[in-house]
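Common to both upcoming complexes is chain A, partnered first by chain B, then by chain C.
Let's turn to the complex of A and B:
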């Protein structure tokens, strides 16, 4: 085997030896786990409607139940195992948003309840709320202008 | 057991497939770009708000139910929908109150359960 001299040769060598990018496998896992989480949501939704609740109340209950389940699984240290396996499958549904709040809340407990739990809770969820709420205000203003 | 009989299995299938495809989009962003999870969530929620504002997202919700509302796109679309609806009754004030009002349940639940979990659960010991 001839010695590796340049960076280019080295990166070619690494590409050759390393396994194929597992993107297809990752996508497959994200697909079925994500689909399953949505399906659990749909079953809760159908159950709420079956009990006579309206669309808005039902979908709020779906969010709350899925968030509660994520919080429990995060507390039991199960959620990050699911997350490692499913990637975006557990990140993109509302479970990922819940996990992004619950996980730092537990992790930064040692820094105290106000700045540790209360502050670090929003390291990921904060930006989501900032951009989500700002976008909704802009949408509302535009809707007002075009009414 | 009436509930089991009332389940719309085609609806469940649509929900599974659409929810799964939205997650695949997220997975491709994770694998093919260097975006952090926080940025991906921000992109999803903002895109959802834009699609909701344009009135496109509701067709996906009609088609896939929770398959469209459970992913963060649905959270964004719900914020936008709330703002647009509230504007009709409260004018400019509605643009500020509507979005959060529509999503208040989810936000409050996440904050409350996060706090509760921090009281009960122990942080995992970091491996050196």
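Let's turn to the complex of A and C:
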């Protein structure tokens, strides 16, 4: 091996030395766990409709139930294990959003309810909210103008 | 003392490491080195309300333990050198605020333990102190909170990431004793080879370790084979391999007698620690727990202890800065020739 002198050479060398994430395995686990979560959501939805609720009320109940389950599992120190296994599979559905709000709330409780829980609750979910809401506003304006 | 070459200091009256102590968390207590530690905790909080308080308690109890074990009266310990990873080194300063010994807060990230040994042994050699106390701590949960994400967040860690060791290591270094002796001190330079990935600290710190190792060999005229073991702090599997290969390109072969505490402290497969252990306590507890006993039993007689640190924080990472590394070395020998 030749001596490494420059940062670029070192960067290339480190890339080659560093093991990559097992992408295929991660994708597979994300796919079936994500699919399972969505299927559970669909079952709740169909059940609500079966009980006579309309489309909007049913989808609201799906969100509420999934958020509640993920929040409870986060509090029980279970969700992080699912997340470690499933990655994007549990992160992308609404379950991941709930987890990203509950986990800092638990972590920063030691700094008090106002500056800790209140102030830090959205440290992880904040960007999702900001850009999610911004994007929906832009899309809304476009829809208003052209449709 | 005498300066050798560019960076090394040869101690004329090599101080003795009188005694050491180590307390570790539950995960370390399930690792391959568990039986060597003084105490393995059953939970990370240790009866405290916050991770920060728990870490302070760990370093406090470790320091109390080393003072008791050493038999050196507390009023004969003249200075304390300690540091940790939390902002403003609060684990050390809060944990040791009732110690009543003049205190130097030391920050070298994960190189703090050896940095403290460097400074402490120079103080003793210079007769500025009869005995000094060197200590460090880190805590997985407080480190994750400060540097990464909340613990309960369901995310994945890349294979190059490392697991911060929960625990504390402390040593009493004194002018009187029959070894192991600190004979040489090689403080390291800050080396930044442009690595920006905060999940690959081993690669970020490895060039600093190589620089300090090569400098030590050149300054002292010693070959790697002079040492029974060359030990780095927390480079993990990725960083260890890089150090092996890069030192070889510079003409030094350390493959046969080189270990890394980050590799030793956890069982990679069973404990899911990816590239290995990290944190100030990684070398702190592995030296205090394992290697010190090897020296005492004369299974090892000459070691070069090289602690590595990544001098970064969460803000600089978000600002896209690269990670400067540092490595400090001390040579520890059971006899003085």
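In this section, the second predicted complex is superposed on the first by the 125 of 147 C-alpha atoms of A that agree within 3 Å, B and C clash if a C-alpha of one lies under 4 Å from a C-alpha of the other, contacts with A are read in each partner's own complex, and residues count from 1 in each chain.
As a convention for this text, a residue touches a chain if its C-beta (ideal position, glycine included) is under 8 Å from a C-beta of that chain, and two chains touch if they have at least 3 such contacts.
Every value quoted in this text rests on a predicted model; they were computed, and no experiment measured them.
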Open item on the list: Quick one: is A:124 in contact with chain B, with chain C, with both, or with neither? Answer first, second, both or neither.
Closed with: both
- [ ] Please determine whether it is chain B or chain C that touches the greater number of chain A residues.
- [x] B
Open item on the list: If we overlay the two complexes on their shared chain A, which of chain B and chain C does A:47 touch? Say first, second, both or neither.
Closed with: first
TODO: Based on the superposed arrangement, let me know which partner A:133 touches: chain B (first), chain C (second), both, or neither?
DONE: first
Open item on the list: Looking at A:115 after the superposition, I want to know if it touches chain B, chain C, both of them or none. Which is it: first, second, both, neither?
Closed with: neither
TODO: Once the structures are superposed on A, label A:82 by its partner contacts, choosing first (chain B), second (chain C), both or neither.
DONE: second
Open item on the list: Let me test your reading of the model: by the given contact rule, A:67 touches which partner, first (chain B), second (chain C), both or neither?
Closed with: first
TODO: Give one of first, second, both or neither to describe whether A:91 is in contact with chain B, with chain C, with both, or with none.
DONE: both
TODO: Touching chain B in one complex and chain C in the other: list those residues of chain A.
DONE: 21, 26, 74-75, 77, 86-87, 91, 96, 100, 102, 106-108, 110, 124
Task: Sites on chain A touched by chain C in the complex - done: 1-4, 7-8, 10-11, 13-14, 17-22, 26, 74-75, 77, 79-84, 86-87, 90-91, 96, 99-100, 102-104, 106-108, 110, 124
Task: Residue numbers on chain C that touch chain A, as the complex places them - done: 49-52, 145, 149-160, 193-195, 200, 203, 207, 238, 241-242, 245-246, 248-250
- [ ] Can you check the complex and tell me which residues of chain A touch chain B?
- [x] 21, 23, 26-27, 30-39, 41-47, 50, 56, 59-64, 66-68, 70-72, 74-77, 86-89, 91-94, 96-98, 100-102, 105-110, 113, 117-118, 121, 123-125, 127-129, 131-133, 135-144, 147
Task: List of chain B residues in touch with chain A within their complex - done: 2-3, 6-8, 11-12, 15-32, 37-42, 44-46, 48-50, 52-53, 64-67, 69-76, 78-80, 82-84, 86-88, 91-92, 94-96, 98-100, 102-103, 105-107, 109-111, 113-118, 120-124
